[in-house]
Amino acid sequence: MIFSEADTILYALVIPLVGAIAIALAGRWPNVRETVTLTTAVCLAVVVWSLVPSLQAGGRPELQLGEMLPGLRIAFKVEPLGMLFAALASGLWIVNSVYSIGYMRGNNEKNQTRFYICFAIALAAAVGVAFSANLLTLFIFYEVLTISTYPLVAHKGDEATVRSARVYMGILLGTSIGLLLPAMIWTYSIAGTLDFTPGGILEGKIAEPLVGLLLLMFAFGIGKAALMPIHRWLPAAMVAPTPVSALLHAVAVVKAGVFTVTKVFVYIFGIDFLFNQPSHRLIIWFACFTIVVSSFIALRQTNLKRLLAYSTIGQLSYVVLAASVLKPLSEVGASMHMMAHAFGKITLFFAAGAIYVASKKTEITDMRGIGRRMPWTMAAFAVGALSMIGVPPTGGFISKWYILGGAIQDDNYLALATLVASTLLNAAYFLPFIFAAFLYEEDVKPVKPHGEAPWPMVAALTFTALLTFAFFLFHQPIADLEAQILVK
Amino acid sequence: MAVLGLYNYFIFAVLLMIGLYCILARTNIIKSLIGLTIFQGAVFLLYISTDKIDGGTAPIIQEGVENQIFANPLPQVLILTAIVVGISTTALALAVTVRIKEAYGTIEEDKIQEMDREL
Amino acid sequence: MITIVFSLFLLTMLVIVAVGILRTDNLFTAVMLSGIFSLIMAANFFILDAADVALTEAVIGAGISTVLFLGALALTAEYDRSPPVGTWVPLLTSSALGGVIIFATLQAPRLGDPNAVVHKHVAPWYLDRTPELIDVPNVVTAVLASFRGYDTLGEVFVVFIACIGVMSLLGRVRPRRDSIEEDEFDKRTDNLRHHLIPRVVGKMLVPFIVLFGLYVQFHGDFGPGGGFQAGALIAAGVILYSLLEGGPRGRELVPEWFSSLLVALGAFTYTCVGVVSMAMGGRFLDYSVLSHDPVHGQHMGILIIEAGVGMTVTGVMITIFHAFSRRGIR
Amino acid sequence: MEWVYFGTSIAILVTMVLAVVRGLIGPTIFDRVLAVNMFGTKTVLFLAVISFLSGRPDFLDLALAYALINFIGVLAVLLFFQSRGVRRDAEAEREADK
Amino acid sequence: MTLYDQLPALVVVVLLFTAPITYMLRLHGFPWFSAMAAVVTSFVVACSLAATTIGGETIIYEMGGWPAPYGIVLHIDALSALMAMLITGASSAALIFGAKSLADEVGEETAPAFFAAWLLCTAGLVGMVITGDAFNIFVFMEISSLSTYVLISAGPDRRALISTYRYIVMGTVGATFYLIGVGFLYMVTGTLNTADLAERVGQVEDIRLVLVAAGFVSVGLAIKAAVFPLHSWMPNAYTFAPNAVTVFIAAASTKVSLYVLMRVDYAIFQNSIANHDIQLTFFLVPLGVLALFAGSMLAIYEKNLKRLLAYSSVAQIGYIALGISMTSVAGLTGAIVHMFNHGLIKGGMFMAVACLALRYRTVNVANLAGAGKAMPWTMAAFVVGGLGLIGVPLTPGFISKWYLVLAALDEGWLGALLVAIILISSLLAVIYVWKAIEVAYFGEPRSNAVPVTEEAPLVMLIPTWIVVLAGIWIALDTSVTVGLASIAAKTLLGVEL
């Protein structure tokens, strides 16, 4: 190794920021700018992935930048869960950049430089969230992520978009400042630290019913996890350009939410401690409720991206549900589902964006027969949808398998029933659309006949669809790695 | 007798009331400022009332006179300062008033407020 | 006993005058009454054995303040034309204030009570130790100039800043064209130049007033007086001259650059004494180190700083008066 | 002797009250000016008597200062009145210009 | 006597000494230079005082060589040193920042007077925080107030005059209230020295005068500190003052009154009036809470950016008031740190606004559309400051809010309510800060507006960024501010260090 592991963490944070500055400087020459973006993405991925081997060997690289107050450090520590998240985000950024180039050019969007800059900053924030060694550091990057994605969501700049973007930021900032921050300060005042510690830091320091209150403050304070009733920002964010929805609202931002929830359960409360507190059931109920209700809402959507948004809400609650079952298998399942859902959902968004660029269609009802014009795109869409439903041989099957295993370990029939019901509902809202796309005739001929979207987009979505299959086949190393999070 | 001995404080309170009322209830700037001087004057009275001592005289030591009782010099010093501070404030406020009159053409606060609202 | 009788009289008058000020809508009357107010206040201070304060209140409150108010009236308005705004809130506020004070002072030491705490703690120390430490008969001067010299320094800077403020407010911006410039005004009124008796008597008085001011300045160690009173008196002399002869001639007598230089120089002198005493190994404003004999050093220090105070106050009062009078008539 | 001083000072105080009353009720400006002037003179007298009463005649200085200030104050008032005529003329001119 | 022993006096004497010189020497450019030199010297002295007191030491300096309680003493502990640092630092930064803008606004002719007033304003504020004498506080309060009036009235708009007048009346009433309170205290104790007062006031039998004195002092200082609802003088005063003056007074002046409030209430009354902590809480908590909501709401509906920030100050003063009212080490630490941090944040933000005003010739929020592109550095500074007001981590605002919330959590259920209030008002801060940011970055410039293409000059940008970065630095390395503040809090509460 040329650098120490601590340096590597620092580079992982700095590279996207340097990239952002470079993009700003290269803003005048689109080709250079996009080359810079791609280069940055590749560099980041290489740097992040270079940490995997040492992690598999049981290493936990650390880096401390400073101490704000006694016990409040700005520090980073790589552990399996965070590694998974960072690897996912950085890897998919490459694919997404390729896709973005096609999308932004195909659509002739304005303010492209700002778009790429904010994207890079958001990625830096996502890596920061992933590698945080304590709640405070995580909180900082969590907020940076919110703020840096606002310009992306508001990209279009018209009145309706700005209003939606305000909802987006209002809910995310509001919940984080209003609930997460006090929960954090409360934790600090009880435990005297905010470090993520295997086995938790709160054991024996707080009792019911306050545990329940704190738990709820965390669960709803982390607005990015989109538990109902604070899910509204996610559909609102769908006004963003599709690459944003794809990477940020299928991967980085929403995963930051459920990732934080999982981390709080595992490293702040400690699953053994929390398991003995009756109030963790509350979260299970909320998660089940969210899964079922969001699926029903998705059923009624006619806008494809909104449908995907509600689907995401449901899928995120899978992770929350899995995490709050608090059994080893389900914790692993939670992390697996983050990954599986990421591959599946990014494929779906890519496909939705490709359809938009090629045909300017956004409504499901207009898309009958589109599979004939865009076979690759719709095939990939079908793969993604199957993964959402959990059909083998897609990645979604694996993660659901683990989650179900956890639920059975716990004899949690509510969770079991919810999983089964939601699988059916997912099938109910995805399958008719896919059938219609392939089997029906177009009702209305498009103004301009079109085929597939620009090639970078098709390449990207094909690649992610393939990843979905790959995850089904090669998930074992990841499962082994994630099992380490439960070791005290 | 005891009550009469407290008369100074009552007058202090009354003057303070008159001063404050004048400041708050009048919109004419000069009138408010006169109220302000009454308000400050009341405080001078409070301090000076504490320096008096029965059978005493001003704290200026006379040669050759034994066993004199002197009034307390400290409040006097404080009030000397306060009087000068008071006149300084008044002078500055009056200068501002003159400029207000030049800028607005009136020294009635309610009218000035209306004029500013129109802007 | 005698004091209380006088107090009853004077204080009652004070309240009557204050109510009169409140009720009148003629600003000129209000200013006149506030002059009376100050005079009563001064007389009251005198019977309360505060000779220095009485002198200051008379010179500053009844003299300078009245002149300034009149100057401002001439430049603004003579009548209070506003109806009182919603009288209930001010009335309640001020009544509450009065009630609280009366409640608080019911058990306060009565006037002249020799057992009051104020006469037991710090004050006796000043009275006992002044002859030995500073050796000036006027204890007020000793406390003012030495024991609490830092306060007095602050006070000098307060008048300094007031002067700066008035100058920057009234010195810079030209009055609007429709106002009458002072020269023009001077021509139209002749000031008091053609009024023989005031002019002759008044001009004769000017040197005496200045002389008396100097007496108050240097006799301040022995009797009531000191830099503030003296400065105000000397300034009053110059103001009298300006009233009689008109502003332009007044400014010929004491040019503006001179009076404003005097202001800064006085404050500077005072600070310098402090700095020098620091340089000579003492604390700031510790005059004892100025000479071999501490008491002599104190004398020297007090003399210089009182001179500084006198300079500043003279300069300030003259500058402010000129600033108002030069503004012309609107 | 003291009672003489005391009686005198009371008498002066009563005169002062009269002056204040005149100052308050006016009705003309000149009543008020004279009231102020009279009040000033009475204060000077009062101070003088009091300083004898309290056995500190050296405080006559103060009375002297009062007298001087009083004189200046009255002159200022007179000047103010003289200028008032000019002020009113100027106002009239301004009105005419409009 | 070495120079080191003279440092406590020097911090204010340097300023007082330079003021008349500044006024007398009418050379071109000299007034600004001499004022700057004096203020920076004073800042250095204040820093060295802070270095001495950070160990918990208290310096007593006897003015004129007379011992307390007969003479006036300077009393410098961690709290006063921290405040002195804030004041002189803010003054230096604003002065250096304002070199150009003040030259435009003030003019050559009045420059000597203006800069002398600036020096005296700084001297007055510093004098208030370092003195150990209750009456001396009044004298220096008046120096600072009068010079502040002069500075504000130098504003270009005629409304500066009426704002000055209102400030004079309110300020004088406040100062007089304080004077009455001190008078009552003197009546019952016979002394003016604060340490002596604290001791003797405890032996007073009839407590009524002390109670009323506490009331007068608190209300008077609350007026000067613009605690809601006594704040009415403040927004306009900030708005119409010259820009550099706003930077200075917004950063320093109201904080000093809060400092005195804290000092007097904790050092003098806390030990003598039974249940004084509860009374203080009942006085300040409602006002603080009201200030938080009213200030934030007014800021949200305000169109003028300077006044928006002024209303935000009303709200931020509410935080400090809440911290003071909690009478716990954490609460006081939070309040003191917030005084300092808010000074830095607001100073930086007003500097950014001054830069905007220089180019846009207006500070109406609606007219600033496109500022994000035209003046990226200025707006970035504004954004960082805004994040500080909200209390985002890595900004100084976060540290102080952290302590305030910690302190509130110790207060039980009522504390939980306070936490909620603090957080809701942070959210309101998000709204009003965002309002400006959104227009600047995402708004479309009006068609009839003159386009601005130039960034602010470097002489203004560099000081702005120094202040902003200083803010970030003290958010990352809190050893100095929190160190001094916690020592100060413990001293005030009489807790063992």
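Letters are used for the chains, namely A, B, C, D and E, taken in the order the chains are written, and counting of residues starts over at 1 for each.
Definition applied: a contact is a pair of C-beta atoms (placed from the backbone, for glycine too) under 8 Å apart; a residue touches a chain by one contact, two chains touch by 3 or more.
What you see is a predicted model; the values in this text were computed from it and never measured.
Undergrad: Figure out the least number of contact steps between chain A and chain D, where 1 means they touch directly.
TA: The fewest touching-chain steps linking chain A to chain D number 3.
Undergrad: What chain lies farthest away from chain C once each centre is taken as the mean of the Cα atoms?
TA: Relative to chain C, the chain with the farthest C-alpha centre is A.
Undergrad: Taking contacts as defined above, which has more of them, C-D or B-C?
TA: Of C-D and B-C, it is B-C that has more C-beta pairs in contact.
Undergrad: Could you state the distance in Å from the CA-based centre of chain C to that of chain E?
TA: 31
Undergrad: Could you tell me the distance, in whole angstrom, between the mean C-alpha positions of chain A and chain B?
TA: 70
Undergrad: Between chain D and chain E, what is the separation of their C-alpha centroids in Å?
TA: Chain D and chain E have C-alpha centres separated by 46 Å.
Undergrad: What whole-Å value do you get for the distance between chain A and chain C if each is reduced to the mean of its CA atoms?
TA: 75
Undergrad: At which residue positions does chain C touch at least two other chains?
TA: 49, 51, 73, 101, 105-106, 108-109, 116, 118-119, 122-123, 126, 148, 151, 154-155, 158, 161-162, 165, 169, 223-224, 330 - these are the residues of chain C that touch more than one other chain.
Undergrad: Of all the residues in chain E, which ones touch at least 2 other chains?
TA: If we look for residues of chain E contacting two or more partner chains, we find 135, 139, 142, 146, 149-150, 153, 186-187, 192.
Undergrad: So which bits of chain D are touching at least two other chains?
TA: 54, 58-59
Undergrad: Taking all chains into account, which pairs touch?
TA: Applying the touch criterion to every chain pair yields A-E, B-C, B-D, B-E, C-D, C-E.
Undergrad: Using the touch definition from the top, list the residues of chain A that touch chain E in their complex.
TA: That would be residues 66, 68-69, 72, 74, 136, 139-140, 143, 151, 154, 157, 162, 169-170, 173-174, 177-178, 181-182, 185-186, 188-189 of chain A.
Undergrad: What part of chain D is in contact with chain B in the complex they form?
TA: Counting only chain D, the residues touching chain B are 54-56, 58-59.
Undergrad: Flag every residue of chain C that touches chain D in the complex, lowest number first.
TA: Against chain D, the touching part of chain C is residues 2, 5-6, 9-10, 13, 16-17, 20, 28-29, 32-33, 35-36, 39-40, 42-43, 46-47, 49, 51, 54-55, 58-59, 62-63, 66-67, 70, 73-74, 78, 178-180, 185, 188-189, 191-192, 198, 202, 205, 208-209, 212, 215-216, 219, 223-225, 229, 233, 236, 239-240, 243-244, 329-330.
Undergrad: Spell out the part of chain C that touches chain B in their complex, as residue ranges.
TA: 3-4, 7-8, 11-12, 14-15, 18-19, 21-22, 27, 30-31, 34, 37-38, 41, 44-45, 48-53, 56-57, 60-61, 64-65, 68-69, 71-73, 75-77, 80-82, 84-85, 87, 89-91, 93-95, 97-98, 101-102, 105-106, 108-114, 116, 118-119, 122-123, 126-127, 130-131, 137-140, 142-144, 148, 151-152, 154-155, 158-159, 161-162, 165-166, 169-170, 173, 175-176, 222-224, 228, 313, 320, 323-324, 327, 330
Undergrad: Under the touch definition given earlier, write down the residues of chain B that touch chain D in their complex.
TA: Its residues touching chain D are 57-58, 60, 62.
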